[in-house]
Amino acid sequence: MDILNNILAGQVPMELYLGVSLIMFFAGVYGFLSRRSMLMILISIELMLNAADLNFVTFNRYLFPGQLEGFYFALFTIAIAACETAVAIAIIINIYRNLSSVEVGNLDQMKE
Amino acid sequence: MDYSSFLQMREEFSLIAVLVFLLIYDIFAGEKALKYFQPVALVLFAAHTVLNCFPREAFEVAGGMFQYVPMQTYVKSILNVGTLVVLLQAHKFLNEDANRVKRGEFYFLTLSTLLGMYFMISSGNFLMFFIGLETASIPMATLVAFDKYSRKSAEAGAKYILSAVFASSISVFGISLIYGSTGTLYFNDLATLITGTPLQIMAFVFFAVGLFFKISLVPFHLWTPDVYEGAQTNITSYLSVISKGSAVFVLFTLLIKVFGNLVAQWQPILYGLAVISITLANVFAIRQQNLKRFLAFSSISQAGYILLAIISGSSMGMASLVYYVLVYMFSNLAAFGVLSVIEERTGKVKLDEYNGLYQTNPRLSFVMMLALFSLAGIPPFAGFFSKFFVFSAAAAQGYYVLVFIALLNTIISLYYYLLVIKAMFLNKSENPIETVKSDIPVKISLVICTLGILLVGLFSTIYTQIAAISFGM
Amino acid sequence: MNFLSLFVLIPVLMMMGLFVSCSRKQLQIVMTIGASLLMILSGILTYMYLTDRAAGNLATMLYTADTVWYAPFNIHYSVGVDGISVAMLILSSIIVFTGVFASWKIDPLPKEFFLWFSLLSIGVYGFFISTDLFTMFMYYEIALIPMYLLIGVWGSGNKEYAAMKLTLMLMGGSALLLVGILGIYYASGATTMNLLEIAKLHNIPVAMQYYFFPLTFMGFGVLGAMFPFHTWSPDGHASAPTAVSMLHAGVLMKLGGYGCFRVAMYLMPEAAHEMAWIFLLLTGISVVYGAFGAIHQTDLKYINAYSSVSHCGLVLFAILMMNETAATGAIMQMLSHGLMTALFFALIGMIYGRTHTRDIRLMGGLMKVMPFLGVSYVIAGMASLGLPSLSGFVAEMTIFVGSFQHTDTFHRVLTIGAVSSIVITAVYILRVVGKIILGPMQDKHHEELTDAVWYERLSVGVLIAAIFAMGSAPFWISSMLHESVIPVVSQLIK
Amino acid sequence: MQYTLLILVLPLLSFIVLGLVDSKWKPKVAGTIGTVVLGIITALSYLTAWEYFTTAKINGVYEKIIPMHMEWIRFTEFLHIDLGILLDPISVMMLVVITTVSFMVNIYSLSYMHGEKGFQRYYAFLSLFTFSMLGLVVATNIFQMYIFWELVGVSSFLLIGFYYTKPSAVAAAKKAFIVTRFADLFFLLGILVLSFYTKTFDFGILTAEHTTVFAGSAGATFLGFGVISWAMAGIFIGGAGKSAMFPLQIWLPDAMEGPTPVSALIHAATMVVAGVFLVARFFPVYYFQTPEVLHGVAYIGAFTALFAAVIACVQTDIKRVLAFSTISQIAFMMVALGVSGYEGHEGTGFMASMFHLFTHAMFKALLFLGAGSVIHAVHSNEIKDMGGLRKYMPITNWTFLIACLAIAGIPPFSGFFSKDEILSASYEFSPYIGGIMTFVAALTAFYMFRLYYSIFWGKDYTVKAAAHGHDDHGHGHTPHESPFAMAFPLVFLATVTCFAGFIPFGKLVSSTGADYIIHIDSTVAIMSVVIASISILVATLMYRKPSATPDKLEKTFKGLHTAASRRFYIDEVYLFITKKIIFNSVSRPLAWFDRHIIDATMDGFANTTQWVSVRIKGVQSGQVQQYAYVFLLGTLLIAALVFFI
């Protein structure tokens, strides 16, 4: 109940943020492994990256309030994630042009 | 703040200058001037390579974000030479009608990845490292998917970007945990702050797999053969040599500089990875029919051998690693060069299509043979020396069993390299690959590689130079 | 530049010469000049060596030279010779010389053949002049690899399989060897790779020797066709082209024995003492096993290959006896086996070139149509079964007498076992001689065959002369070797 | 006496020259060279013998003289092979025997081998043989002897296989070589053991009367016998192989496939007695150190003598009969050595053995040359193709008869004297041995005369030849006396045989070197002469004229006859051992083992790798999600391992 009280009092403990980020991360992993559509997979990856960002921000805010490194890292990560997504979307479009589908299972021409 | 200290990042600025110039040239030059695009680009890059091959004093920029040690000059020079060779080999490919419009992009993207690697290598901070890593890998995905009309290329691109992003997100997650446990991202500070708490070990593992992915160690290697097969051959060779070469160097520096206190953890990890990488890749390789996949597995096992140098964790290991990368670059690029020439002209990449190659293309076969012998570690070619030094570095730390396992694996690897040689020299073919004419840039590239294979081992100065500064690592 | 390096330099120049020559005639000229130069060089070397020794030069190695190569690993390019190396160099020169003539009309791709052949000889010569572990190993491997192509392209029969098998098994041996060499280097304090200096330091911990001695010995033993690692030899030799069989069986297999002696035993004497019995058993088995194996074969080359297993087993066997006489005998056996097996392979190649079969059941009475080859074959056979006045006898007797001087009964009993191989040898040699050289003609088509031509006669003649010379005047070679094995053996006795 | 070196060098040179030029010179030239060289060295040998026996006696004892000596190869501080020439009574005696017989054979062959292909080669081989045999007898040390021992073996191989296109000749040559090689193995082992304990090869040291070199081996035993006994037994086996003692006799009858003069030289007169010579050379060692081995020699000799004599009675090939007779006679010499004492009268056996060696060499060579002459005439070896030849070949007839009488032990022919000494020595040793030897002597007389009558008497020749129509050579061909080159040696040897018995042999050759006075033991002499005469008589009755008695006897003792004519199945036993056991049960499985176990193991590594490679290809599925899955698993696994290990 302490936690709930704290939350209600506006004091969210760090562990909760970390828990959320962990759940986000593994949700992303799960999504990556189970989704058929490449777009969904991309979104799952975003989840994973965001989980990491959340970690950075949380750590910075709670443990090392005197510095900005975590915030900056999160910012850069967001930017890089955007680049990644852009490139990935471009490639997915290319896939769609070639295969008329974005199902990841269809990418099996090269194996063994 | 004195920004003039930034000017010390000479290699990076020089590369950016080349990059930007080529971008502008490509965009604004007229049809006539574009004819000279490739020669200009190559000359510029060659000039960049030559100008930046002299090591300087160690320094730090931006409060330790960027750290330079002389060894990096060698590594960067190796990457430069490798890139130059790849560009030379890609010359013909880029002159084709379908690709002519894209060649500006090709150069730009390639050099961007190289720039990313520069930063990755010289980074003194995880942020810098991460930016470098991503700069090196995102354009790489577009390069892999360069041929947009080819399904294979698209598939390879998708596989690469998805795997790469997956790996880097895990890696970033690991970095975040490191940050959380230490409160800093600067390598210099981390070295003492990382003390081996469980969280840090966990973080290290998460972080390290991102690099293992880059180096393509088993079991993080599965993307490698597919991507190598799907990508255009010159890009594959770039991927296999330059990308991998920079990553192993970074792995080594990070393990020593940052995770030095976790040595008890990472040595067994690398031990296991080396064993299974070498073995599994070799076992996979013996069955490959497509030469590009074949070389992919071969490069995975080569990465395993490089781990032997890393595992030693000594300055001797560092020197042999850099040397190994150098030799590996020459050998692998020679092999890929021949491959690309033949694929370019005839579209043949299958092992049995290479039957009787010696009859029609004696010189190419000869270069290929040298390359394969060098990869297999046969004297007097350079590969023998590099392997010996790597083994020696591991043996110096008492890893005799590991060396022994690696050596037993050289037998398997020799077997599959000989399969190719057998196809070229021994087997007879009804319709062998016709005699192909290679253009001058390719010839130059192959000559460079051949000279490298033949001379790097015999002239000890190169190694001694490397070894001389590896102490200041 | 030490003049010993000429032994490596001349083949390199030969390779260059071959590279630019464009007709068979030019190739032949280049090879002849090169091979003759090597012969002359080894002659001069022998003369100088003997005069210097006679003048009282007591250094372990003569004409040493030392150039730093890879300083961080203490790798030097260091050369030097003692009696053993001199003997081996003579052997190599003779066999290279005769090999050139035996492959005078090699077809197809003569240029490539001679190129690889020269590379092979670089490895061989380099190995024997080196005193540095690294360069030794390097030359060792240089000598292995050309084999693949030489057998694969110019061989006969199941050549691809044989070539692959030979190469891979020998690489397996060199894998063991490399671990051994690294072990020696680091266990001795990582200060030098020079054989002599490591021997002088004599500081490899005994516990380490127990690991590295068997590795090194086995590594070289594979090349010396030690049981049970001999199976590359029959297939490989059977498939190889004539000159390659000659060089391989004649010289390359000697690298194994030489290495075992020079590296394994010399540097790790304590372990050698303790573990010798294991290898003695294995090599003892080789000796008898190879001989019995040869009885049953029907392919000429297989017979000879198994016989090589037996004879080379004797080399290792004698080395392990660890006394001066046996060791001297071992080196002499290397020489003698090198010469006679080269002669055998040369003759088999020539016979095969005429009859197009090596199956002894399909041949007979060849003496009638090719007396020169027939007589030479008989001489080779007689040398092999140890006829006095031919080289085999002196070598084997030195080994037997030496081995039997061992004070331990176990060793003497083993020696008795090894001695018994001389009977089995007689059986299979005479079986072959009786079958193909003597007896009635088996195949009507063989009636038209012709005898050897001049280059074949030259090749065979030189080998026979060498065999006779060694067999009838063994004293100088024996004493030359004897004083050279003393440093190694005294290390062992200590 | 430096010139003795020439005795060795000349035949060697002759071999090299003749061998190298081979068929480039005319046969006649080659033959002449060979013969002349032999003539020269025969003269030199006689000179040597003369000089030695006249000058070498010091204090009544013949000294050993070593005119030539050099170190050939050094093994250890003590052990080294020397090449040298050792002259003592027995070696000088052997020089004379060898050169004489060899010279005769050379002359004989000029005609006998006339027109044969490879005539030059034949003379080259003869020279080689002579060289080797001479080297053997003058050896100064045991290893030199072994060297020439082997060379003798190989020249025997070459000469037996002279008709190399004939499979039986090749097989015989092979057999001879391998059997003697097998025996030589024991010889070599014996040398090794001996030298290990005595640290010397030198005859001078080993056979000195009061030598101390055996002190080191005192007490060293192996399986209940002293090591020196084993060594000397091994050396004896070597000798037994060359001298065709039971059970190593099997090669000698087959060796008759060689040209007949070769049989006369090598397989009757010289090489086969090398074993006897060897035992004689080592006699002091045998006698003082290992008397039990010496007795073994006697027993084996006695058995062999009997065994061979029985077989000789039923053989139908004249050369085989002579071969078995040779075995039997050599066994006589062995027995004599085996029963011999050392000094004075005790040493009868030794002297008798040497004496018999000498006389036997002469008359056996004569017999063989005579047989050759017959074969030359009728082109067949079989008794049944002959008969009544005395009319056509008087010289051969008479010389053959003299030899037969000599071997049967009828005085005054040489065989009588030597055989009589052997018998009396045997009786002194043991009456049983003596009895056996007497019986053998009787058998000898019987089978020799069986042979003699079958060839020269019995049915008339031409009838048989006609009946035997398919024989191309024999048909319609009248046998005639041999030409001079063949007749001369016959006459010469016959002369020697007639008078050799009167040589004061005991004065020249004895176990100690001191004089030994031969005195004929009259009881033994008379008994043996009587028995021999009876045997001859029986043979005369049975074979002089065609009669049914032999057939009847053959039927009565069918089993024995068959067994004897099949040589008591010893060959079959050997064949069984070599073919069935060595070849089929050892070598074949070994080859199989090599191919299917050892080799397959090596291949197995390769195949396993291939198999694994195929099995795990599913890992590389092409599905990027699966890759990520493996990636994740790998990460977690590493994490887990780092924490838990």
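Things worth noting here:
Chains: A, B, C and D, in written order; residue numbering restarts at 1 for each.
Criterion: contacts are C-beta pairs under 8 Å (C-beta built on N, C-alpha and C of every residue); 3 or more make two chains touch, one makes a residue touch a chain.
Source: prediction; values computed, not measured.
The central chain here, found by comparing per-chain C-alpha centres with the mean of all protein C-alpha atoms, is C. Averaging C-alpha coordinates per chain places the centre of subunit A 29 Å away from that of subunit B. Averaged Cα coordinates give subunit C a centre that lies 37 Å from the centre of subunit D.
If each chain is reduced to the centroid of its CA atoms, subunit A and subunit C end up 67 Å from each other. Separating the CA-averaged centres of subunit B and subunit C is a span of 42 Å. Multi-chain contact residues, meaning those touching two or more other chains, occur in subunit C at positions 168. Under the contact definition stated at the top, the residues of subunit D that touch 2 or more other chains are 606, 617, 620, 622, 624, 628, 632. Shared interface positions of subunit B, i.e. residues touching 2 or more other chains, are given as 158-159, 162, 166, 170, 225-226, 415.
Contacting chain pairs (ordered by label): A-B, A-D, B-C, B-D, C-D.
Those residues of subunit B lying in contact with subunit C across their complex are 316, 319, 373, 378-380, 384-385, 388-389, 391-392, 395-396, 398, 400, 403-404, 407-408, 410-411, 414-415, 418, 421-422, 425-426, 460, 463-464, 467. Looking at the complex, you find that subunit D touches subunit A at residues 617-618, 620-625, 628-629, 632. Listed in rising order, the residues of subunit A touching subunit B in the complex are 25, 28, 32, 38, 41-42, 45, 48-49, 51-53, 55-56, 58-60, 63-64, 67, 69-70, 72-73, 76-77, 80, 83-84, 87-88, 90-92, 94-95, 97-99, 104, 107, 109-111.
Listing the residues of subunit B that touch subunit A in their complex gives 126-127, 130-131, 134, 138-139, 141-142, 145, 148-152, 154-159, 161-162, 165-166, 168-170, 172-173, 175-177, 179-180, 183-185, 225-226, 229-230, 293.
By the touch rule above, subunit C contacts subunit D in their complex via residues 165, 168-169, 227-228, 230-232, 235, 289, 292-293, 295-297, 324-325, 328, 365, 367-368, 371, 382, 385-389, 393-394, 397-398, 400-402, 404-405, 412, 415-416, 419-420, 422-423, 426-427, 430-431, 434, 437-441, 474-475, 478-479, 482.
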